[in-house]
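Okay, so subunit A shows up in both of these, paired with subunit B first and subunit C after.
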Partner chain A sequence: MSTSAPPATAAAPGEGRRPRRSRLGRRVPPVVWFFLLVPLAVELFWVFWPALNSFWLSTTTWGGVGVAEPVGTANYERLLADPIFRTALWNNVLWVFGFGGLSVVGGLALAVALNQPRRFVGVYRTVIFLPMVISMAVTGLFWRIVYAPGGPVNNTLELVGLGHLQQQWLANPDTALGAVLVAAVWRQVGYIMVLYLAGLKGCDPSLEEAAAVDGANAWQRFWRVVMPQLAGVNTVIFAITVIDSLRTFDIVWVMTRGGPFNQSQLLSTYMFEQAFSYVNLGYASAIAVVIFALAILFIITYVARQARAEEDDL
Partner chain B sequence: MTALSHAGRRRRGLGGTLAFHTILTVVCLLWISPIAFVVLLSLRTFDDIALNGLGAFPTSFTFAAFPEAFRSGGVGRGLWNSLIVTFFVVTLTLALASMAAFALSRYRIPFRRTILMLMLAGNLLPPQILLIPVARIAQGMGIYDTLTAVIVVQIGFGLGFYTFVLYGFMRGLPKEVFEAALLDRCGPVQTYWRIVLPLCRPSLAALAALATTWVFNDLLWALTTLQSEAKFPITAALLNLQGAYASSWNLLAAASLMAAVPPALVFFAFQKQFVSGLLVGANK
Partner chain C sequence: MNHSSPFGITRRNLLLGSAGLAGSAVLTGCVGAGAGPAAQPSTGTGGGTPAEVAREVVLQSNMQDAGPRQALADVIGGVSDFDVTINTVATSQFRAQLPTYLTSNQAPDVLTWYAGSVTNSFAEEGLLYDVSELWESGNASGFSDALKDLSTYDGRQYFVPTNYYWWALFHRTSSFEEWGVSAVETWDEFMGLLDNLQTRGVAPLTTGLANNAWMAAAWFDYLDLRVNGADFHRELLAGQHSFNSDEVRAVMARYAEILPYFHPDSLSWDPQQAAAPIARNEAAMYLVGTFATAYWPEDQQSDLDFFSVPTIDPSIPSAEEAPTDGFMVAANARNPEGGKAVADYLASAAAQQEFIEKAVSPNLPTHPDVDTAGFSPLIQKGLELLNGTDQITQFFNRDSNDELQGTADTALMRFINAPGDVDVILADWQTAAEQVFSQ
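Right after this comes the complex of A and B.
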């Protein structure tokens, strides 16, 4: 081993390290500790410490001034009986399936269609991806205009003879959530498409060729040969989608603020409203803890996957 | 270049090509139509919209809405605030993240993988669990309602992701480079500054492009740590504008377009880096 080891490390005391290790410094110099500890301290202070605080706050009642009063599990009991919380929770479930399902179906279909060397494919990809660049807040504003009375959606309905469907999409409790969802999907599809395009690039073309020779049609080849190879991408997209869904805030806040009559409330918007409009800080923290509890499984899935990939790289 | 396309090409005639392009052109037109509609609206006069309706065919053409929104609607100030916040968050986050990634990837720090994964997990937390304590901490430090607060909290929240990506990249650097550095008696700081950072330029560029749009587009942290309109970044300023100019559709359209332009410019200038940045961490 000594011949291939770099002189500097070979001279260091304590021989017999495996070559794989030789790329790592042996003793950690103080300045390197500084390199690590400064960023780590920033993240601990602004992320982990506040997060821990929320858990504690969720067991108190607090109006922002004076001392937070411990109330045990009262906030959580209140949540169980709160019809708006139940609406928000249910809307979040719908959101995960609607937002996730539609963007995955759309993104995957477009990725498969655009994963070929044809003319203009690059242009099509860019157009589909473009909304992803626009912020959720601006997306919300764009679509408020699109849904407005006399706006293009209502006008188009009139034009194709469906005039009776015209309505105030965002002011109607039955349509508000769906209308916001369409806007969010419009923005997300391009992102999912890009992830799937990368996944498709990593698929082995000879497997598909072989299946084609065996007489499998395009549909069978896609589901039986290509899809299994996308398993890894699917896991990541699934985790990202759920985490994103639970985080969704901007677009709903801009378009409806959770209204009308709380019918488009998500957990995130309801939490924000309780915290910053009504200053029920303990109650809002309890909602935040619920969001955390729902997200943590998917966070672990994602991180564990990355950790395993990291190990394979070594 | 998958077999699908090879197999497809054999059978693909003129009809197939025509159908492909027809369908995708329709999809793309549909996709771009909300943006196109907002652009058209921003170029009409208030009277035209009031008289003929929002969805009517334009009978006027003017750029007047843009300067008006820029001056009176707080758009100019909002864009400026956003630029400041974005600049500091992106540079400081990347500086700190590359330091942490360098330490974790190149030195035998105990539990380094655990630390890395914990940092990444911190970035994935739902921000809602941080909002109230973050606002309180900012108040306690006397930085509530300042751009400093928006900047530091976004640095803290983003660090985990960027550290993770840069760590992966730094692990992949050839070890000969570091052996040479040792031979030249480069200390850790010199190795970091003169060797690792220049080699990381591609991934730093990708992350910078991505981070710029993310930070520029943030709304939640601004709403959490700011109160006075004068300090609002463009996203929060738009939200206010929406209330104040509810019926001036052309102004609203112009303002939201101006908010969309900077991240769009970054995207078009760094399209390759942008997409490759998105793929890191998702494509394993």
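Right after this comes the complex of A and C.
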């Protein structure tokens, strides 16, 4: 039965004796300010300064040699006219929904299925989480072999009589992005599963039991009782998924390098190519700013809404 | 109990967090921004007496393959006047970091690089040390005029070529004997050979186009050399002709003729894998540079042979692709005179001889005094090929730049996927090329 007697109330008496307001109002000793200033300075120098530099670079043209020439908004105008950028942007939209959607749905389904006590459940969880410990680059190399012309995917299709579906998955412009997506989801799904498992462990089973007694079916219990309790986990997973999908780079670079003819290019790979293969640092910075704006747009809208919802609850 | 923020997310944290995100998303800018002209040196203590500095030479190398890397180390071991430190960096990283190396206040003294436009662009920025003296009285004084031309910018020399290699159609002698075919010289004979091999169930041609499909440019280069000649090719790559022209259309028409003869899996192979079907006798020929001979097994090395891409128009002067490698000295080096001396040593006949004998891939010497009698028959034949040709080019990216190579990769892969769309593809290629040239 329920062993999770609310710990917050148990801890409250000891904690509650201390008057909260006065602690906030108490003067903070200068040495504390000093200790706070050190990380602030580090953060300003290593994070904010380079970030601002990148915004500035995006309004210049710079080949890494000599002085950067200011060009105003020319880089952004070039972005609008650049067919490869349009492909990359569209691919990135597909990627956010495909990668995010599939890994969240898959991870949640696996977490729910493996949350019940069953035989070997630990083994299953471990096996599904295992790809996560492999680096993206190695995952990419592994899946390149899987997709190779005489590789396991094509051989399996042949074996089950679907030989006409065989193709060069990574060389075909219609399948390349999807093939990379499957590999990326294969790795991500275990991670999302573990996060949801942690969330599910934190759910109060007595609530579900009570709902069952009141006649709610499994579907209703899951959506009306369990899901609301996972709101916090959802916020974290949303943020992680959006950030992960916008920064996806290594697996695409290893598997296709954005090819064939840029059909699997993402913003990150295109930025890398412009910055480090062609050394167009101004133009690459403009792409970086777009990635940044997209990430901010997604995250701020969602998380700010979540935060407001939580404040309304208080 | 409300379910408020087990993860502690509030609006304030969120704003701080998103500011942090800004940093990570655009951190690349910081790398470049730190390398401006006013940047302080990031490495090097700046210490040492003048005499010590004069003895120290840093050689920045992109020879990452085991054979050439060891060969370079062995050759450098023979330098007695200087203490040479070799830093080996993977080519892709070397390429990306090269502007940073050269603009640093304590640049490496001597650096490996490619002859031609890619080096001249640094000379134009004033980042390279003038090595004309080596061409007047040093080891380079005996090099051919073609090599001197390739190393000259604005009347002065900034490059010391030490070896070069060639591209050709590589195949196995024993396989050709087994199939009863032989090397050909004209385009009609070549098409006949392709047909003949295909009817035997052998894939006539292979190549490796996975990932970055730069290999596709090899055939483009050669077909352009055969159809329009080396002069047109160089001018095309310098932006003086349009890719959307009848001349280039004629090149693509030839490309379309040979497309059906490629092993279909070429699209999924990298340049290394493309050698495997030839080793297994399932494919016949591979247009590739001599570096690729290392992709074949040891016991097939002596079986490898090659012939030049056949003539299409006999009125066009013959031309071959022979990328030239060598060394340049940084203007910002601590010890540029030392760097120049080491480059001179590396250009000497003895050093070239030792390097070529120890490096696994077949390279040709630039010094006329190198005794080639002891080199393998393949290298002898390569020398003969290049000595007998009228004109020499390098490779698409070396004759232009990496960004134009990117436009070629895109256009050629689209073409290989849909040869019928050639008009649209060439128009788009020209648009992309104009963007590159406008910078």
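One rule holds in what follows: the second predicted complex is superposed on the first by the 250 of 314 C-alpha atoms of A that agree within 3 Å, B and C clash if a C-alpha of one lies under 4 Å from a C-alpha of the other, contacts with A are read in each partner's own complex, and residues count from 1 in each chain.
To be clear about the criterion, a contact is a pair of C-beta atoms (placed from the backbone, for glycine too) under 8 Å apart; a residue touches a chain by one contact, two chains touch by 3 or more.
Keep in mind that what you see is a predicted model, and the values were worked out from it rather than measured.
Contact with subunit C, but none with subunit B, is seen for A:T61 once the two complexes are overlaid on the shared chain. With both structures placed on the common chain, the touch criterion links A:F238 to neither subunit B nor subunit C. After overlaying the two complexes on the shared chain, residue contacts for A:P152 are found with subunit B alone; subunit C is out of touch. Counting residues of subunit A touched by each partner, subunit B versus subunit C, the larger count belongs to B.
Using the contact criterion defined above for the overlaid structures, shared-chain residue A:Q229 touches subunit C, although it does not reach subunit B.
Applying the stated contact rule after C-alpha superposition, one finds that A:T256 touches subunit C and leaves subunit B untouched. Using the contact criterion defined above for the overlaid structures, shared-chain residue A:R78 touches subunit C, although it does not reach subunit B. In the superposition on chain A, contact of A:I291 is made with both subunit B and subunit C. In the superposed model, A:W46 lies in contact with both subunit B and subunit C.
By the document's definition of touching, of the two partners only subunit C reaches A:S277; subunit B does not.
In the superposition on chain A, the residues of subunit A contacting both subunit B and subunit C are 6, 8, 43, 46-51, 53-54, 57, 148-150, 202, 232-233, 236, 243, 246-247, 271, 275-276, 281, 284-285, 288-289, 291-292, 295, 299-300, 303, 306-307, 310, 313-314.
Every residue of subunit A that touches subunit C in the complex is listed here, in rising order: 6, 8, 43, 46-51, 53-58, 61-68, 78, 83-84, 147-150, 168, 170-171, 173, 202, 228-229, 231-233, 235-236, 243, 246-247, 256-257, 259-262, 271, 273, 275-281, 284-285, 288-289, 291-292, 295-296, 299-300, 303-304, 306-308, 310, 313-314. Note for the complex: subunit B touches subunit A at residues 1-8, 17, 20-21, 24, 27-28, 31-35, 37-38, 41, 53-56, 96-97, 99-100, 102-104, 106-109, 113, 115-117, 119-134, 136-137, 152-153, 155-157, 159-160, 163-164, 168, 171-172, 175, 178-179, 182-183, 187-189, 192, 213, 216-220, 223-224, 235, 238-239, 242, 249, 252-253, 256, 259-260, 263-264, 266-267, 271, 275, 278-279, 281-284. Those residues of subunit A whose C-beta lies close enough to touch subunit B in the complex are 6-9, 21-26, 28-29, 31-33, 35-36, 38-40, 42-43, 45-51, 53-54, 57, 110, 112-120, 123-124, 126-131, 133-138, 141-146, 148-152, 154-155, 186, 191, 194-195, 198-200, 202-203, 205-209, 212, 218, 221-222, 226, 232-233, 236-237, 240, 243, 246-247, 249-250, 253-254, 267-268, 271-272, 275-276, 281, 284-285, 287-289, 291-292, 295, 299-300, 302-303, 305-307, 309-310, 313-314.
Contacts from subunit C toward subunit A in the complex involve residues 1-7, 9-11, 14, 18-30, 32-33, 35-37, 92, 95-96, 99-100, 102-103, 122, 125, 127, 209-213, 264-265, 267-268, 402-403, 406, 409-411, 413-414, 417, 428, 435, 439.
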